[in-house]
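Listed below are the structures to be examined.
After this come two complexes, each holding chain A, first together with chain B and then together with chain C.
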Partner chain A sequence: MNETIRDILAKVGNLPVPAADLAQDADLYAAGLSSFASVQVMLGIEEAFDIEFPDNLLNRKSFASIAAIEVTVSQILKAQEAA
Partner chain B sequence: MSVVAFAPQALSLCVRAQRVAAIAARHADDVDQAGRFPSEAVEAMKAERLLGIQVPASHGGEAASLTEIAEICVILGQACAASAMVFAMHHIKASSLVEHSDDTGWHSAFMRDVAKHQYLIASATTEGGIGGNLRNSICAIEVDGQICRLEKNATVISYATQADAILITSRAHADAAPSDQVMTAFLKHQYTLEKTTDWDTLGMRGTCSEGFVFRGQAPAEQIFPKPFAEIAAQSMLATSHLLWSGVWYGIAADAVARAQSFVRAAARKSAGVIPPGASHLAEAVNLLQLVKSNLLTGLKTYDEARANPDKLSSMSFAIAMNNVKIASSETILEIINRALLICGIMGYKNGTPYSLGRHLRDAHSARLMISNDRILGNTATMLLVQKPDLSLLGG
Partner chain C sequence: MDMQTNFLDRLFDAGLLIETGVDGLYGRSGEFEDVIAAFERLIDRFGGQDGAEAMRFPPGMNRAYFETSGYMKSFPQLAGTVHSFCGNDHDHMSLLKCMEVGEDWTKEQEATDIVLTPAACYPLYPTVARRGALPMTGKLFDLQSYCFRHEPSKDPARQQLFRMREYVCMGTEQHVTDFRQSWMDRGVEMMKLLGLTVEIDVANDPFFGRAGKMMANNQRDQNLKFELLIPITSVAKPTACMSFNYHQDAFGTKWGLNLEDGAVAHTACVGFGLERIALALFHTHGLSTSDWQEDIRKILWG
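== the complex of A and B ==
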């Protein structure tokens, strides 16, 4: 999952630094993730993991770092399995 | 500066706002024609102690809610849009202090000073070379031990030379990405302003939104501890769109009031005949009600989200606030156009009780201050992932 997220960040995140070098908990907004790019990252993740972000997770916190994205995605996958 | 010592807190905010509005209305045409700062109205705001009302009571303010402040914007907007906009912009900045100060730091003490001394706060968020996107900066603040320094080519700082303090954005440090921003409060004696551009505009001529090169030096503790991204998302976005909309609603409401008195005067002269403008008036009143409902819903949404940072930072909230701004800025033009059809040449002429030129020119700023195209683009991007709220009651 970590690699997939980093791939997506590298492809559509439009970051000034290589996504592979980012620390797990590095603040992606501070690293230069724009709000437009963050939506592109969300779309990329929805496609890659075949999930849909519920509205309550569409906020800055869910996408603040690679670690936060992993938590968010795991949470949705778990909820889907349970359903 | 003639700030009266007597604090008229006992009187309701509306009564105090109406007294300011009476003064603002008297000077509105001169402010507009001369393109000068509405100093009489702003002095009156200070005398009525309206600049500190948002500050919590524990810090010497009156803990006024955003809804109460919006109501004052509406009252002032009916009298002089430029005065109302200065009031709105000041309180948008004040909201950054109120919502994002910790209890003990410099900003908390500054908030107390705002209430006590009725400081007028200006904003410097735009910069040459960033194309109007306030969430990007080129300039970077330089922290040198206890001191911070900043030079910024600010393309717009409204009422900069009249303000007592400026809240200004920059990159967080020399190596920061353009979106990694902080906001810093500088007091009047801590900066110089070198004017670069004039403010000779179609409307909103009294906001004096000139361009300056800002050069400031201050204690580093004056940098807000929270990243600007959070301040922008959690208070500025909402307070800007809601308070601006209050001002715009006020402009449209006064245009409708003028149109209605025109129709009523005509009806009195020719009893038994419905004047030709009456159906336009019905339409204008209908649209005015839409703007009002839209603004009230926006204020309620903000009020419900205020205590919840996650909600304030959510896409659904940003879309809701964007929609308030788009709808009110577009609709007031339709309203004032209808009012102009009703008042006819008496509305088209300056200096009549039915004049609408200033209203129309002021209202044209609404779609441009943060371009509606940019806001719609922003909403369109969010709608790629955010599902629209289809319920009536939400939740």
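== the complex of A and C ==
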């Protein structure tokens, strides 16, 4: 999952630094993730993991770091399995 | 919806708005315009001493600037583009034939270099960027334009072509956020003087689609947009008559707006929905300005 997320960040995150070098808990907004790019990342993750973010998780916090994205995606995957 | 249609019908009956057959596209009477002119003078009384540079652009903007602005990323559903016939004699004959038999004659229309202005400040950013670096003390601009948003509605407070008066501030983060706060205070004071019930609330723009849901949540989380709300056709859902927007350095980065020390400028804008404010006044004080309380009339007309 970690690699997929980093791939998506590298492809659509439009970051000035290589996504592979980012620390797990590095603040992605501080690293240069724009509001619009974060939306592209969200759409990329939905496609890669075949999930849909519920409205309450469509916010900055869910995409604040690679670790945060992992937690959010795991949470959604778990909810989908349970459903 | 009933309240909205009802108020719209009353405005038509009173002759304040003039029906055109298209929802959200109306003519205005002299009396209606007189209220807008008086309110704009009140804006000048509050903001006139701030040293803003006034600019007036027509309600159409350069399509290239519109494309750079990123408007289509966020609000494709609201945009209005200007298309024209660009064919030869033969094409003209086809066009007329098409119209004669009632077929769609607009398919062959081609996009021109003009897009309808979606917000009064859109033509400003590239204009200022061309001038070079901004002074460290910042800059203030005064704009007013008819704006277009494609959202047909029976709500008279949601028109497709309406006027927006704006002040736009460019400078450091502190400078532009102070500017925004000062107009939130002034806005409340102005509306209270006019006997209008106001509240200020955090808000979001009508971003398109699911991606837009996230943009809207982000905008709210960061307190980037506030609106001054006045009840017009609903008390439960009052209408935004002013908005106070902090763009951070988004427009500065996009347009290359820099301060003299090379830092990217932050920007903020304060917008007045002029038709909405006039409608709030008519709704609150009655459909004939001659019946308005003397103290309200005095503030508007002296």
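In this section, the second predicted complex is superposed on the first by the 83 of 83 C-alpha atoms of A that agree within 3 Å, B and C clash if a C-alpha of one lies under 4 Å from a C-alpha of the other, contacts with A are read in each partner's own complex, and residues count from 1 in each chain.
As a convention for this text, a residue touches a chain if its C-beta (ideal position, glycine included) is under 8 Å from a C-beta of that chain, and two chains touch if they have at least 3 such contacts.
Quantities reported herein were computed from a predicted structural model and do not represent experimental measurements.
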Partner chain(s) touched by A:Ser35 [first = chain B, second = chain C, both, neither]: both
Chain C versus chain B, contacts on chain A by residue: B
Which of chain B and chain C A:Pro16 touches, first, second, both or neither: first
Which superposed partner A:Arg60 touches (first chain B, second chain C, both, neither): both
Chain B versus chain C as contact partner of A:Phe49, first or second or both or neither: neither
Shared chain A contacts, counted only where both chain B and chain C touch the same residue: 34-36, 39, 42-43, 53, 55, 58-61
List of chain A residues in touch with chain B within their complex: 16, 29-36, 39, 42-43, 46, 53, 55-56, 58-61
Complex contacts: residues of chain B adjacent to chain A: 135, 172, 176-180, 227, 229-230, 233, 310-311, 313-316, 378, 381-382, 384-387
In the complex, chain A residues that touch chain C: 34-36, 38-39, 42-43, 53, 55, 58-61
Residue ranges of chain C touching chain A (in the complex, touch as defined): 70, 73-74, 210-211, 213-215, 217-219, 221-222, 250
